[in-house]
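One chain, chain A, appears in both complexes that follow, with chain B as partner in the first and chain C in the second.
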Partner chain A sequence: MRLFLALASLRRHRSRTMLATAGVAIAAALLLDMVMLSGGMRASFGNLLTAQGFQMRLPPRGTLPFDTEATIDGAGEIIAMLRQKSEIIAVSPVLGATVRTTRDEHPVTAFALGIDPSVQGDYRMESGRDATDSSSLVANVEFLHAAGLQLGDTITLAAGYNPQLRAFTGTRALTIAGRARFIYLSTGQPAVAMPLRSLQAMSGHLKDDAVSVFMVRTRPGADVEAIARWIQGTIPRVDAVSTAQALAKVDERLSYFRQLSFILGAVSLIVGFLLTTTLVTVSVNDRVGEIAVMRAIGVSRAHVVHQVLLEGTAISLGGALLGLALGLVTARWLNTILSSFPGLPAAIDFFLFQPRAAWTALGLLVLSGIAAGIYPAWRAASLPVARTLREEAVA
Partner chain B sequence: MTKPLIAGDAPIVSARDVRRDYPLEGEAVHAVRGVSLDVERGEYVAIVGPSGCGKSTLLNLIGAIDTPSGGTVSIAGRDPSAMSDREVTRFRLEHIGFVFQRFYLMPILSAAENVELPMAERGLDKQERRARVRELLAYVELAGRARHRPTQLSGGEQQRVAIARALANSPDLLLADEPTGELDARTGTDIIALFERLNRDGTTIVVVTHDEQLARAARRVIHMRDGIIVHDEVLRAIA
Partner chain C sequence: MLLLLLALQLPTIAIDQRLAADAKLRVGDVVVVSAKPGGEGDSVRVGAIIGRPADPSEVARSEYRVRMHLESLQSALGYGDRVDRFAVATRDSTATTDALKRINEAAFGFHAHRSRDIAVGTSETFHVVSRFHRAIGVITIVASAIFLLCILLLKVDERRRDVAALRLLGISRASVMRSVVIEAAFIAALGSAAGVGIGWAVSAIVNWHYQSVYRTPLRFSIVTPEIILLAVSLSLVLGIAAGVLAARRLVRTPPLALLGR
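So, the complex of A and B:
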C-alpha cells in the first residue's frame, strides 16, 4: 500500500515527476560516465598490455617503449641471456622505424615493425599469410589504401631519405603477403611489419643487431617483478617494465583525469540529490493537508516517512536506470571521438564499462535518492496535525 | 456498526476543565477555556456556535489530534495525553472516525481504496478489507462508484466516501467537522439523513456545525461562545 501510494503520488504530477527523473537521469549518466572514465583508460590499457600474453617490456634504459628513437644493440645476445631464465618462455624483439614509398609520385609514409613472426605480439592476421621470409611483409588496411596496393603486390619501401641527393635510402622490394590489424597503433595509422632482419638491414641496424624493445612472456605463476629485477641487474642496457609498473606509470599520468572524474562525479551526485530533494519537498508541501488528514485518521508517522522515502527512491531509481542507458550511449559516442585522438592505440577505450563500478555509482545515486527523501519525510512526519488542519481550513 | 470498548454506562468522552491556548504573534489565544463535557455511548451531539468560538478546537481535543493546555480528556476510558505519539495514532485508527468539511479524500486513490486505507494501516488482510469496503460503500449507497476517483464524484458522494472511510475500522466515536459545509442544501440533507441512520444503527456521533438543520437532527446540542459552553440542551433522549 505504501509503495502504491508513493507511486500514485508521483503519477499525480506526471510532467513534474518526468522532468525531475530526466534531471536525475542526466546526473546519473554523467556520474556513470565519470566512473567509466576514471577507471576505463587504466583497465583498457591493462587489457591491451596483457592481451597478447606478454607480461614485460624491455625498452632502452631510461626510456619507455617507443617513447624515443633509442635502440638496444645486440638483440641476439640479449635474447640468449633471457632464455637462460627458465621462467621466461618467449622473447619477442621489435624494431620500430618509419618507412616510405610513393604512389603516383606522392610520398606515402608508414610505421614499420621488424618482428620475429613466430613470437610477435604486435598484430593479428586478418587475411593472407604472415611475413615469414625476408622478401615479404604484412600491412594494415590503412597502408594498403594509402599506397593503392593489394595482397600479392610488390612494392619498394625505403627506411631513409637523403635530402642532398633527393633519394630514398635503405630501399627494399617486398611482397605484401598478408593483411593485419596492429594492436598498439592509433586509428588510421598506416603500418607494415616484416621480419626483424629485413627492417634492420633497411634501417642500417643490421650490423649492431639493434631493436627498439623486447616483449617478454613468462611462465604462468612466475614472479614477474622478481624476473624484472633480475633483468635490470643482469642487462644494464635495458629497463624491465612489468605490466604492473606500466600501469603504475599510467596511473601517475592519469591522476588528473581521475581527480576531474571524481569532482564531476561528485557534482552530478549532488545535483541528483538536490533535484530529488526539491521535487519530493515540493510534493510534500503540496500535500500537507492530505498528510495531516492521513495522520488524523490514524496513519502512522512511519507510514508517512516510508511513503515519502519511497517517492525519493522511486525517482532516483527511475533516473538511475534511465541514466544507465543514457550514460552507456553517451560513453560510446564520446569514446568514438576520443579514441581517434592522434597517437593513441586504437584499442584504448576511454570509457570502459566495468559492471562493479557502474553498479556502485548507480547504488550511490539510489542511496542519495533515499537520503534526499529524509528532509521532506521528516517535514511530513513532524507536521502538527491540528494546526495544519486549521490552517488548511482557513486557506 | 460499533463495538463495545468500555463496560457499563461510562461516557465515551469525558472532558474536565479542558483548556487550549495557542500562541499567536506573541500573544496567547484562549481557544477553549475550561470546558467540561460527557458524551454517552450512542449519543448524537452537535456543537454549535459562532466562528472562532472553539468548536473545532474542542473536536480536535475530543479526537486526540490535539493536546489540551490544561484539564483532562478521556476517550473510551483512556487519556490520550498520557500516550506516546505512536499509541495515540493507533488509538485514533482503531477507535475514532473523522469526517472533514473538505472531505480530504486521497485524489490518487479510488473510492474503494480511500475506504480501504485505514484498514490497510490497521493490518487487516486483503480479503477482509475488500468485503468491508463493499459493505461500507453499500451502506453509504455508493456501491456502483467504488472504482471512481474523488474527482469523478460529486461533493455529496465524496463526503459519503469520507464517511465510509471514517467507519472503516468500526470506531467507537465518529467526529465530523462541518460535514455539510461544502455541500448544497439538497446534498447536505442527504448527509444529515446518513448521520441520523448511522446514529440509529448505534454509532456515537459528535458534529461541529453552523448548519441549523444538521444541529436539529442531533439528539443533543451544545452551544459554545468564546471558548466555553454556554448552553447544553437534550432534544431527544437516546432510544
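So, the complex of A and C:
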C-alpha cells in the first residue's frame, strides 16, 4: 500500500520524475565507472602479473623491470644462487633489446626478448613451435605483418646499434619457428623472442652474461615476501619485487586515477543525493494538504515517513539500475581511451567490471536515496495537522 | 682541515630537493656515486640543491635527479667521450630550419630534430590523459545539465500559484512568461557566479593537495577565462531553456487548474 502510494505520487509528475531519474542515472553511471576505475586497474594488473605463475621479478637494483636499459651481469651465477633456495621452483632469465631487420631500405624495428624457452613466462604460443634452438625465433603477428613474413621464413636480424659507427654489434639469420602473443607488451608493438644466448651474442651481452630481469616462481604456499627479503640480502645487485610490491608501485604511479575516481565518485553521489532530496522535498511541499488530511483521518506518522522514504528510494533505485547499464557502456568508452597509453600492456584494463563494484555502486545509491528522503520525511511527519488544513482551505 | 681541503677538491654534483630531503643531504656533503648497484663508485661533493621543474612526465615517478659534470658521468659510465645528445640554440626559426638541414646533410652518426617535434612525439601520454579528461568532462556536463534543468523546472513549477494569481488579475501570458524566464535567468546567473567561486576554490585545493603529494610546482587544475565562459554560458542557456519550458507549460494551463480547482 505504501509503495503503491509512493509510486502514484511519482507518476503524478511524470516529466519531473523522469528528469530526476535521468539525472540519478548519469550520476550512477559515473559512480559505477569510478568504482570500477578505483579497483579495476589494480586487479587487472595483478591478474597480468600472476597469469604465468611467476610471483616475483628481479630487476637491477633501484629500477623496475624494463624501466631502464640497465642489465644484471652474471645471470648464470645468480640462477645457481637462487636455485639453492628450496622454495624457488623456477627462474626465468629475460634480456630485452631492440632488433631490426636488415634486408631492405625500410627496416622493421622490434622489441626482442632473450629467454629460456623451457621456463619463459612472457608469451603464449599461438601456432608453430617454440624457439628452442639458437637459429630460431618466435614472433608476434604485428612483427610478421610489418616485415611481410610468415612461419618458416628466415630473416636476418641485427642488434646493438652503434650510432657513431652506424654498425651493429651482431647480426644473425633466424628462422621463424612460431607465432606467439606477448603478454606484457603494448598493443601493436612488433616483438620477437629467441633463446637468451642468441640475443646476448647479438647485443654484445654474452661476455657479461647479462640479463634485464629474472622472473621467479615459488612453491605454492611459500612466503613470497620472506623469499624476497632473502634475495635482497643475498644478491645486492638486484631488487626482489613481489607481486604485492609491484602492485604497490603501480598504485603509486597511477594514484592520480585512484584519487580522481574517489573525487568524481563522491561528487556523483552528492549530485544524485541532492537531486533526489530536491525532488522529494518539492513533492512533499506540493502535497502538504494531502498529507495533513491523511494524518487527520488517522494515518500514522510512521506510514507518512515510510511513504516519503520509499519515494526517494524508488527514484534512486530506478536511476541506479538505468545508470548501471549506462555505466558499463561509458566504462568501455573510457577504457578504450586509456588503453591507448603508450607502452601499456594490451591486457591491462583500467575499467574492469567486477560484481563487487556494481554492488558497491548500487548499495551507495540506495543508501543515498534513503538518506535523501530523511529531511522531506521528517518535514511531512512533523506538519501541524490543524494549521495546515486551515491554510490549505484558505488557499 | 686536510679533510676539508680534500672534500673541496672533489668533483661536485647537484641533487634535487626531493633527494636532499629524503637522504638528509646538504650542500657540502660528500657522497659516493656508482653507475652499477654495489659498484665501487667515485666520491663527489654535493655542490647544489636544485628545484624540480614543473614537468608532467615526471609527476608520478618518484625518481630522484642528480646533475653531474659531463666528464664525471662519462667516467662513471665508462662512456669515453660519448654523449647521448646535444641541445643546440639558434637565433630564430629560419636559422633552426637551416641548421637542421645542414646538420642532417653533413652529420655522420646522428640526426638533428626540432625540439617541437620531439615534444610532440613524447607527449602522447598527456594526449591520452587529455582525451580522458575531455570524456569525463562530457559526462559531467551532461549530468550537470540534467541537474540544472531539473532544479530550474522544479523552481519555476513552485511558482504556479503566483502565476495563477497574476493570470487571474489580468496580466498577459507574454508578461508572465517574460517574468518567469527573467527569474530563471537570474537564478542561473547567481548559481553561475557561485559556481565560479566554488570552482576556483576547489581548483586551489586540488593544486595545493597534489603539489604536496607529488612534491612538484606543477599546476594540476587551472581555471581559465574560456572554462568560466563555457560554464557560465551553459548554465545561462540551460537556465533560460528550463525557464521557457516551465513557463510555457504554466501559461498554457488554466489559472484555476494551477490553483488545484
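Observations, loosely collected:
Note that in this section the second predicted complex is superposed on the first by the 381 of 395 C-alpha atoms of A that agree within 3 Å, B and C clash if a C-alpha of one lies under 4 Å from a C-alpha of the other, contacts with A are read in each partner's own complex, and residues count from 1 in each chain.
Rule of thumb we're sticking to: a residue touches a chain if its C-beta (ideal position, glycine included) is under 8 Å from a C-beta of that chain, and two chains touch if they have at least 3 such contacts.
Since this is a predicted model, take the numbers as computed values, not measurements.
On the shared subunit chain A, the superposed partners chain B and chain C are arranged side by side without overlap.
Here chain B and chain C are compared by how many residues of chain A each touches, and C touches more. In the superposition on chain A, contact of A:R390 is made with chain B only, not with chain C. Contact with chain C, but none with chain B, is seen for A:P60 once the two complexes are overlaid on the shared chain. Shared-chain residue A:R295: touches chain B; no touch with chain C. When the two structures are aligned on the shared chain, A:A173 is found in touch with neither chain B nor chain C. By the document's definition of touching, of the two partners only chain B reaches A:H303; chain C does not.
Of the two partner chains, chain B is the only one that A:R12 touches; chain C does not reach it.
Smallest inter-chain Cα distance, chain B versus chain C, after superposition on the shared chain: 8 Å. Of the residues of chain A, not a single one touches chain B in one of the two structures and chain C in the other.
For chain A in complex with chain B, the residues that touch the partner chain are 1, 5, 8-9, 11-12, 289-290, 293-301, 303, 385-386, 389-390, 392-393. Contacts from chain B toward chain A in the complex involve residues 56-57, 60, 63, 65-66, 85-86, 89-94, 96-98, 100-102, 104, 106-109, 117-118, 120-122, 165-166, 169, 177. The touching residues of chain C, counted against chain A in their complex, run 36-38, 59-62, 82, 108-110, 124-125, 128, 131-132, 135-136, 139-140, 142-144, 146-147, 149-151, 153-154, 157-158, 161, 210, 213, 259. Of all residues in chain A, those touching chain C in their complex are 15-16, 19-20, 22-23, 26-27, 29-30, 33, 60-62, 163-166, 236-238, 252-256, 260, 264, 268, 271, 274-275, 278-279, 282, 285, 330, 333-334, 337-338, 340-342, 395.
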